[in-house]
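Several structures are given next for inspection.
In the two complexes that follow, chain A is the common piece, with chain B as its partner first and chain C second.
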Partner chain A sequence: MTSLTTRWGRPELYTSYRQDMALLNTRSKVLGTVAVLVVAAMMPMLVSDNMLIILGSGLVLAIGAIGLNLVTGYAGQVSLGHAFFVGIGAYAAAVLSGDPDGRYLGLGVDFMPFWLIGAGLVAAIFGALVAPLATRLRGLYLAVVTLGLVFIGQYFFFEWNEMSGGPQVGREAARPELFGIQFTVDNGFKGGWTEEQKLYWLFLGVLVVAAVLARNIARSRIGRAFSAIRDRDVAAGVMGVNLTRYKIVAFTISSFYAGICGALMFSASGHFTPESFSLLMSVQFIAIVLIGGVATISGTIMGAMLIALLPRLASELPAFVPFLSSSASEHPNIFEFEQIMYGVLIVAFLLFEPRGLFGIWHRIRTYWKSFPFSY
Partner chain B sequence: MTQFVGAIAGGVGLGSIYALLALGFVIIYKAMGVISFAQPAFLLAGTVLVTYLSPEIGFVPAVVVGAIAIAAVALVVERIAIRPMVGKAVFVIAIITIGIDIIVRIVSGMFVGSDQRTVGDPWGLDAWEVGGVYIEHRDLAAFAVTTVLVLALFAFFRWTPIGLAMRASALDQEAAMAQGVSVGTVFAVSWGLAGALATVAGVFAASGRTVDQNHWHIALLALPVIILGGLDSLGGAVLGGLIIGVTQQIVTSYHRDWFPGLDTNIGSITPYLVMLVVLLVRPYGLFGTREVERV
Partner chain C sequence: MTTVLQFDDVHLSFGAVKAVNGVSFTVEEDELFAVIGPNGAGKTSIFNVLSGVYRPQQGSVQLEGQSLLGMRPPAIARLGMARTFQNIELFANLTVLDNLMLGRHQHLRYGTLAAMHWVGRARNEELKHRLKVEEIVDFLELEQYRKFPVGLLPYGVQKRVELGRALAMEPRLLLLDEPVAGMNLEETEDMARYILDIRDELRIPMIMVEHDMGLVMDIADRIMVIDFGTPVATGTPAEIQRNPDVIRAYLGGDAGDLGDLSDAEGAHP
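On to the complex of A and B.
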């Protein structure tokens, strides 16, 4: 920490490689991260419970999107099959924690870390199984195969009724509970914390762990190997990066994150159907990664928050835009608008700001850094 | 036996639809090296447009006008959203087409409405019975139209100046530009052709049933076709389409006997399963050009 004090005023002077590659390599990053974390942790006291549900779902989406960013953004392997792995995670968690005497498959393990990690591991195993295919394929062939994965997966989710409850019926999701704290029980009326507040903190905690882990993966040997493969796989192979191994690693880690995301995704509603894991969900994750910024963790979190807020923004719109209806039977309605916005945001960001929200933030930062002088 | 022959007849009809869609994908891929995920949207838009046009001007003119209109839409989309991205990474352009797909698909889905819409085709579910086998008119029509269109396309690529330009720029874009080929025109024509083909395929896929908002799913089933045939092979697209169509129809037909334990017909995901098996054996499909890696 002594080096930090001596660098006051010269934030970009690094005297060692360690400093340069540090997690928080400037003082403003340290202060900024602390400030963001404090605000994020205070959120449940500041905003309404309805808003907390949305923010909480954004935090969970961010976990999954970080996983997709590791494989697509860092390692450059386009995956349209993320929804499949999220689904595997959701079902693994539900089965592990489910009631053994209930209507659907359940093993009855209530201990949360067990089913949370378990869901990640099961998804990771599936990721590792799919990965050998990925190592044989490049670019768009891979995108199409992973797209097929979504449909094949959905078929089996529909088909395996004892596990999934079947189409349009669904089953109960895993219920987070740790050391006697029941995250899904509302104590608001007794003066305690409400369900939404507790879940938000849980999601925030998991996301912080997941994000720091991902950031560390990205700046370590594995992350450098990923970037080398993305930038030019032949060159990476020549430099001694084991392509097959690192592609498998990328898919496995990415699926692990997807599994964790799936395990938590439905704790707020407590129930989910196999229809959720459709191509639309994969596209949603792709949109988050692109809107947030390819190969950035902080950008991914920003993107997830934006996408999570989109339905809320869309529901506010009919007040301002007279021709937009809030009823699903009339056209154009807010649900259609919401989906169109995914498309518009993807196209607009790729055309005008390929680095995503992170790029916008980067531009603002550089502008103020050299404030009166534009260069 | 009659079941088997019937499945093959239905499969050829389905395969013809896949072949048309796959041709659209391959034409765009050959022109710019990108899979256009916007094809499902053009299929839905074209089909919906035909459902509006055909009561007014009759079925055949409606399909022709619809195909031309969607080709025009595809041209505009290409000019606005794809052209500025030329030279960027292939993956980025592919993702842009996903964005376009969502926009066009939702907008055209709005016009489906709650009424039952049909394309107004003259054959519906009529069939000829030949020795106990029912051969549906729509399958024959799809096969006949596809044959004509495929021949016309091959002639177009073989004998017209723009077809030559397209072949040249597929071979080597820079060299083609140096020879005076307008690559921009090539991109535009490829998108227009793909949009028109998607419309025709969508109309045949919708004949004999009503059009709903999920009509676009069939276009995604053409993706395994191009993987099977090879991304850059026109002949592969046609043959792959027929193979996948017939396989899917046979599996659908024999599902009860082969997989008694599965309730939902596995035919719906057969193309993807075939694709996975093919890719394990031949990563570049049956007729695709193997990528040569040079350091």
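On to the complex of A and C.
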């Protein structure tokens, strides 16, 4: 076996299809991934806790955005209803882990894997229920119908006070706690890890698992069926792909990811109100997918980090741009600028780099692959 | 010889337009059956009836004795019907390998959960079927294009990939909708060679719709001519070339100005 796999002079020559099909099938991919993971894992030791909150929220956003990319990027079913599924996940987690004797609905199950996966599953059930719409509608019509989901969701979240706490009041979010590690308790002053550090690692761990699973789906027969439906649905049917079934699978998996994202989204603040799950949140996820890159997992993570960092980047700007104010009462201020940046980023990416941040990365990679030759 | 496909008295109309009007034919084992006719004669409609995209109002269609009427396209595909399209219908963003693997979609046996954790069943199945796909890559000489997104490939190669995707389904019957449309002489000859190899080596019966008369007359075993959805004649290339009705329908003129399609004796005065 070794004599076959190690060859003189060409150590990286593939000698089996298995090597060719591996997820990290080149040495640079292996090294690059390891480097990114190491840096990501070291982050809590390198940056301030404030920065960790921002990065952590980016990691959570990435989980939800990967879900949206599966249904919209891979399977081509445009969904503006992602905030609805995120909301379902957040409430499912809060209810499952909530205090049974408290003011709001609660089942009192503290075990984190239970409420985390439970939140994903509840959202997935709603996704599966909504999916049949996608088998009747496509394109813009589907987008508008899924938009309706957000409004239906908002109605229930606003009105069902025993569950949600009601508008502007809200309720406690699920508190992550596993094997005695309380992620939301600050031990920094005792020489232990701070809340921000622990949460960041938790989010990173969940994201890595979620991303690997999504990548596996993308390269499997399921992912190919998604792409086939996106590119040519009639041909996909003639090739033996059951359109209805795979659209349901796409929505279900996507909602599962949204549910997980929702369950973790408010761990840091510990509290959330129903206003969070508005159309703006759906748009935020769409923006992440477009900016990160349609139908890529790594791009989605890059997009989520950029969107999460955007407010911070905007707040740094007054130092460089004198006419920009950091006070909300003056114009133009950084908050306005942040909103504008959103729009500008979406338009700019669609016009100049439709493949998103992943496309930019891809270009850099190809350039250096053939360096110093330009082709 | 056993009959692979029985297409019996099929009527398909869209409102008042009769797209297919009482067409009957059979396809035998190892046969290359060609369907010709002017534009709008209903050739592609016949293909769409066969693959389940259209549902005829009347008639019966049987693949190896199993009725196809009322079945949805994926179910018909599972029975072993594969096709290529007149205007290439490849999945443009996927690589050649992925397009071919999509042809094997129904042969790959693993579910969503197995796909998620990958190691084990999903990987074994993918590897097993990758070997099958490599046979097709080899057969159609696509080695150099494996990892290219098909949208970037030249037209002639795309046509070949589409043929490969249909072959990857391991069909019992292969439908070719204008396999050489828009190709130059060299590409046409290559394609003819592949089609003959499919019939003689892979032994897959085929129905071919094609406008290139030279190609049809050269390689088809039997030919059916249709016009305005109605069958005009069915027979061997030699019989078809001599059939006066065919000459009238196809060339729109009378037998006098026929030239190369038929000899003077066969044409009626």
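Things worth noting here:
Please note the rule applied: the second predicted complex is superposed on the first by the 352 of 375 C-alpha atoms of A that agree within 3 Å, B and C clash if a C-alpha of one lies under 4 Å from a C-alpha of the other, contacts with A are read in each partner's own complex, and residues count from 1 in each chain.
One rule holds for everything that comes next: contacts are C-beta pairs under 8 Å (C-beta built on N, C-alpha and C of every residue); 3 or more make two chains touch, one makes a residue touch a chain.
Keep in mind it's a predicted model, so treat the numbers as computed, not measured.
Of the two partner chains, neither chain B nor chain C is touched by A:108. When the shared chain is aligned, chain C comes close enough to touch A:241, but chain B does not. Touch criterion met: A:339 reaches chain B, while chain C stays clear of it.
In the superposition on chain A, no contact is made by A:270 with either chain B or chain C.
In the superposition on chain A, A:216 makes contact with chain C only, not with chain B. Set against each other, chain B and chain C touch different numbers of residues in chain A, with B touching more. Legend: residue contacts after superposition of the two complexes on their common chain; A:351 is shown touching chain B, with no touch to chain C.
With both structures placed on the common chain, the touch criterion links A:205 to neither chain B nor chain C.
In the superposition on chain A, A:228 makes contact with chain C only, not with chain B. Counting contacts as defined above, chain A residues 234-235, 238 meet chain B in one complex and chain C in the other.
The touching residues of chain B, when paired with chain A in their complex, are 34-35, 81, 84-85, 88, 90-92, 94-96, 98-103, 106-107, 109-111, 113-114, 220, 223-224, 226-227, 231, 262-264, 266, 268-269, 271-273, 275-276, 279-280, 283-284, 291, 293-295.
The touching residues of chain C, when paired with chain A in their complex, are 51-53, 72-74, 77-78, 83, 85, 89-94, 98, 101-103, 105-106, 108, 110, 112, 115-118, 122-123, 126-127, 130-131, 134, 165, 169. Residue ranges of chain A in contact with chain C, taken from their complex: 17-18, 21, 213, 216-217, 220-225, 227-228, 230-232, 234-243, 249, 253, 295. Listed in rising order, the residues of chain A touching chain B in the complex are 76, 78, 133, 136-141, 143-145, 147-149, 151-152, 155, 158-159, 234-235, 238, 279, 283, 286-287, 290, 329, 331-332, 336, 339-340, 342-347, 350-351, 354.
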